[in-house]
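Here you go, one structure.
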């Protein structure tokens, strides 16, 4: 047992910390100003940041070091990447896209690298790896409890050499961005098959007839336009060639599961970076503000918030790192309990910390003048992502109970 | 001791419930659609709703039955008005302005009725009572901890027959609305006076030179444009005649205190209405949604949320009603502990309930398709209003401790 | 709506407050010392306190003013009695038995007054009302989840002119006291009847052959010997005449329900008294203790505890009072939701307050030198009494959901 | 970074797990029965368990592998010992004393090994290491807030070749056991010295005139007689030779600090073992109990408790392990933040889990029939041990804030 980062991790951390200090933090203000005038596209300056990150060797860091993929990414394990994702999470609207490590592209690239056919990889994976296009992952539906994947109602019906897709999806992150060129769509190819073999995933180019990106959903009032929003997307008799199937028919549920593990690690590590940012902002604020004749930093209740935040962050980070280590050593399946545990603990913990940081900022904390309220909305929305916490707790509890069943 | 409403209250409740059913709820969808195209002004249909409410005798219900004011309002006590404010809170963006019972006008009208000179009442109170203009209350400042009113930095310097105002305010609710014609501005007329005698309030018409309404602050991602937003307002050598002083020089702190009591009752009762709306939405949702083969309503965790919500609402409502009764019977000063208690308990309780209702709605709960996320942002922001909870707890604790001091 | 106590309540409150100040608080230390040497019997000095209370007209205050019972008690309504029970709760081991208002006798006397036959009332109710004997209520069983009354396994089989009782009960409060002369036993007379008609209640004198009071159960580390402990009681072929049936066969469930309403009001009001005592002790302690150069009373976190305690107590008390009022005006059935609500809110709220008071006392708080730890254990155990909170929440949620069912 | 145990740890874990299965768990019932009849001494069977543990090489495992001490213990690092302490914590009243790894002896032995003179080690350390005598650590005082060590009032005045000790201590764990032969007493040798140089520690044999072990303090009703209780001890002109000073005059505070680090690791690891035991008991219980027609295990709220328990345990354990690793690699000082963090998080987390396990057991959970209530009382009391949580949070917050001070 050893809690120190290895040399590779430390090298990348140093490089990334420099990039944050030299390029990311100084751009934040201008980035948000540009974003305000860029509609649903990212601010133009993002391209400069991408070029800079790439030139520094900070590109596609998320890709695991398996044979077919090592050529593209940095070849880092989950355990090596996790602390980097944390650092990116300190400026979650800029650092991940600047380094081509932003969701949902990361998960989509992993899916294509692992399950995509040769032409799919050539057509979509390569420009994604190059940061030329963006992509979306169309899973959640407005009309059913998405907590239960077997509820999915979108149909993907085979008709000769084509699949015909009908359904309605929402909260499709990134899809409002016109440069989001392709959707990975989850739907049912065979409603009669066993519960977890009914679903398949197909690639649907943005300009396919019948696909309508209808509107952006808001998240506590935020449209998140700078990273392409969260779209409602309607599929009406959308037709794609059967070659657009990812993997095999009936394999959709398994692919979704495979995609979730790394996705949660990334989300949770970024959440920790957000929490660290919040603690820093809270500390700086309470040191400089006075009320009732002394700095807020000397109020016991605020000290309590700071201490609790530190205690909770330290625990959460270790669990995420251990989960990454398990995924590297025993695989996603062996890490199932831990992957669920961080999904449960991460958003709730970080939401709590952000709430306290907001409170320490007074009214400013809920406004556009500090990043806290927007970070909060992001953390809060993760309590639904990939199914609400309650579903994960249920499942985790069953696994615990099973240990004692006859 | 008697927990039944009196006949007057019941009569007004019935009348208001009808108005909600017949006019308010059916307008909600259209109201928000119109609002989206109305900039910082309220949607035009609000005028129709106001006319309707007035014709039904639902107008200025908030005004207490003291001599000078009884002529204008319904002459209801705080205890009689409280259950009405609760009902309005079920649709808090429409019912209060439709009945001319919306903050900050309500508090401003009370201030003018109680402390205003004859010309001030004629010039500003009358059109406010008639619903012809709106007003703002400019207290919070970005540069100091507003939790401590003695921190206020805006200066109101006397210069001959005029006051000269310099300072910066923010989160001035309603001020983005062009029909917000007058500001009650709190500032320091005498920084050398005893701590609670330094402040005064003056009336500043919107078009006074030097007054700039600079931008709307957001609350989480909401700009609250339909009720005039929350403005940053800058005062640079703004000059008003000395007649614009409300009450006497050095009386600002006392007026602010007098204004707070009823304000909190109103806020808290509306919060309870919001909570009831949330419980209703939560129940309806979980009855209709299925996951894992049964309605969400049969999940134990969700039942726990519903029961806890009910238990908390019942307690909170009673405390608010008792506070109203105390204000009516022993005055705001005698109700000081209870006024602080509801300010502490109200927003936190209702925020918790809204969070659960949101979670029960899945991703939809945080979007524009349900009112819950916006209600949540409103409840959350009340944890700062009139100073953060922490300041009120401190003060309430001192009062409790004093009972045992020698 | 009116939140003031009526004249009768105020008169009794004054009288009781005097008794507390003059007799109860000054006896506490000696009472516990005597109790340590009295085995399972109450300390002898209790008889003096009883005589004193009776002479002051503070006797059987709990009995409601219905025809058959008014002759015995003070004729107070639930709403009038509630504030008195609160005051007794400030010294819950002494004041209730001193005034003959202690559980489980209170509930048992109500059952006998309402459902008992003439000889049952003569034989048991009269000496109970006179404070000459004590009684027990034997419901909870070790082998089944007592949260579900239909689970009860004890059998009460009719055999000629007798009932034959077999079963095991535990946590039978008061039963270790040798002066506990009679048990009201709940069991099944007809396992084939409809679910809520299977149970009956019978009176079993302590000395009946086959009845064994086996041992005292502890509550955390307390044996509660001064009020007769919490016994495990075994019934092996215990025979009683059929005349010992209370009410009718199959009526046990209904009697149990009828008994619960007032019982919870009493428990909850006493809990509030315990909470008030805790706040007083906490305030006194933190005013006198210093750490880091200032009294603990000036630590923000402790102020937060005090304020939160006050805010929670005020809300809880009002809900209990309203519940009492509902029971008086619309009956136990009409007050069902509120009765469950106070059962849910009461123990949890007061447990929280006691925990904070304990923490403010340092290690002393958990010891025998302060009443806090024992009060805490009492409050905690009420989270099970009459079924765990979770069962009540479930039931309350169903009632809430029903409002929205088709 | 590596989350696997090393070979030594695994070897000891296997050995200890066997000992638990074969000797400890099967003895639990008899141990408590014997304890009930053993007064303040441990049950006689403990000696057999000690002999067995020693013969299995499970003895003094806690002693770190530094030069002077390696000869006595197993030579395990903190990181290697931590998982063993966790396992012992599953039966915290038996396994630690059986393996001579019980507080307060462990800390006392470390103090003597590191700071004791040759004769002190010969006289006291050797019989302690051999498990022949027990010892106590006399720090906490009833009359001052022990959260602030500079408050300590006991005086240790030099008088020729002797120290004269006067003062009152309480909650001196183990001191009621007649075999507790020596006290390490913390007091002030120089009240005029700088704040952290006023204190010294001296060894006081139990039979020294003037030393009175007055009474056992209870912990939520428990006297903890099987491990020697928690005594109030009075020192009246107690005289010991100056050779009984441990280390140097004025070194008491530093020794106390050195003692705390490992102490907390041990406490927290045992707490985790207690939590694991609680989860196991909870799972087994809810699988076998039925209510409302299905096993409790299928109730959503109970599943939530189980899942939350697992999620919290995993996080807490990792933080404790990392803290152990830091102590091994950078020393106690470098691990200061983490040592405080586990002291804050450990008792609160495990108390929560125990509360839920208790609730799942119904009334049985608070009784002597399950270990849960006693474990709870132990966990709760650790929220005070070495100063209340609030003091540690304050200190941890200061350290966090310092990062941002100019």
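Each chain gets a letter, A, B, C and D, in the order it is written, and its residues are counted from 1.
Please note the rule applied: a contact is a pair of C-beta atoms (placed from the backbone, for glycine too) under 8 Å apart; a residue touches a chain by one contact, two chains touch by 3 or more.
The structure presented is a predicted model; accordingly, all values stated were derived computationally and were not measured.
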Discussion item. Sharing more than half its contact pairs with A-D, counted by residue number, which one of B-C, B-D or C-D qualifies?
Written reply: B-C
Fill in: A-B or A-C - the one linked by more C-beta pairs in contact
A-B
Worksheet item: Just how far, in Å, is the C-alpha centre of chain C from the one of chain A?
Response: 53
Worksheet entry | Length of the line joining the C-alpha centres of chain B and chain C, rounded to whole Å | 43
Response to the item:
chain A to chain B, mean C-alpha position gap in Å, rounds to 38
Discussion item. Please output the residue numbers of chain B that touch at least 2 other chains, ranges allowed.
Written reply: 299-304, 390, 393
Worksheet, complete the sentence: Seen from chain D, its contact residues with chain B in the complex are 299-304
Worksheet entry | Contact set on chain B toward chain A in their complex | 140, 142, 144-148, 151, 170-171, 217-223, 289-292, 296, 299, 301-302, 359, 362-369, 373-374, 376-377, 380-381, 383-384, 388-391, 393
Worksheet, complete the sentence: As the complex stands, chain C meets chain B at residues 1-6, 9, 79, 279-280, 283-284, 286-287, 297, 300, 302-304, 306-308, 310-312, 314-316, 318-319, 321-322, 325-326, 337-338, 341, 344-345, 390, 392-394, 396-398, 400-401, 403-405
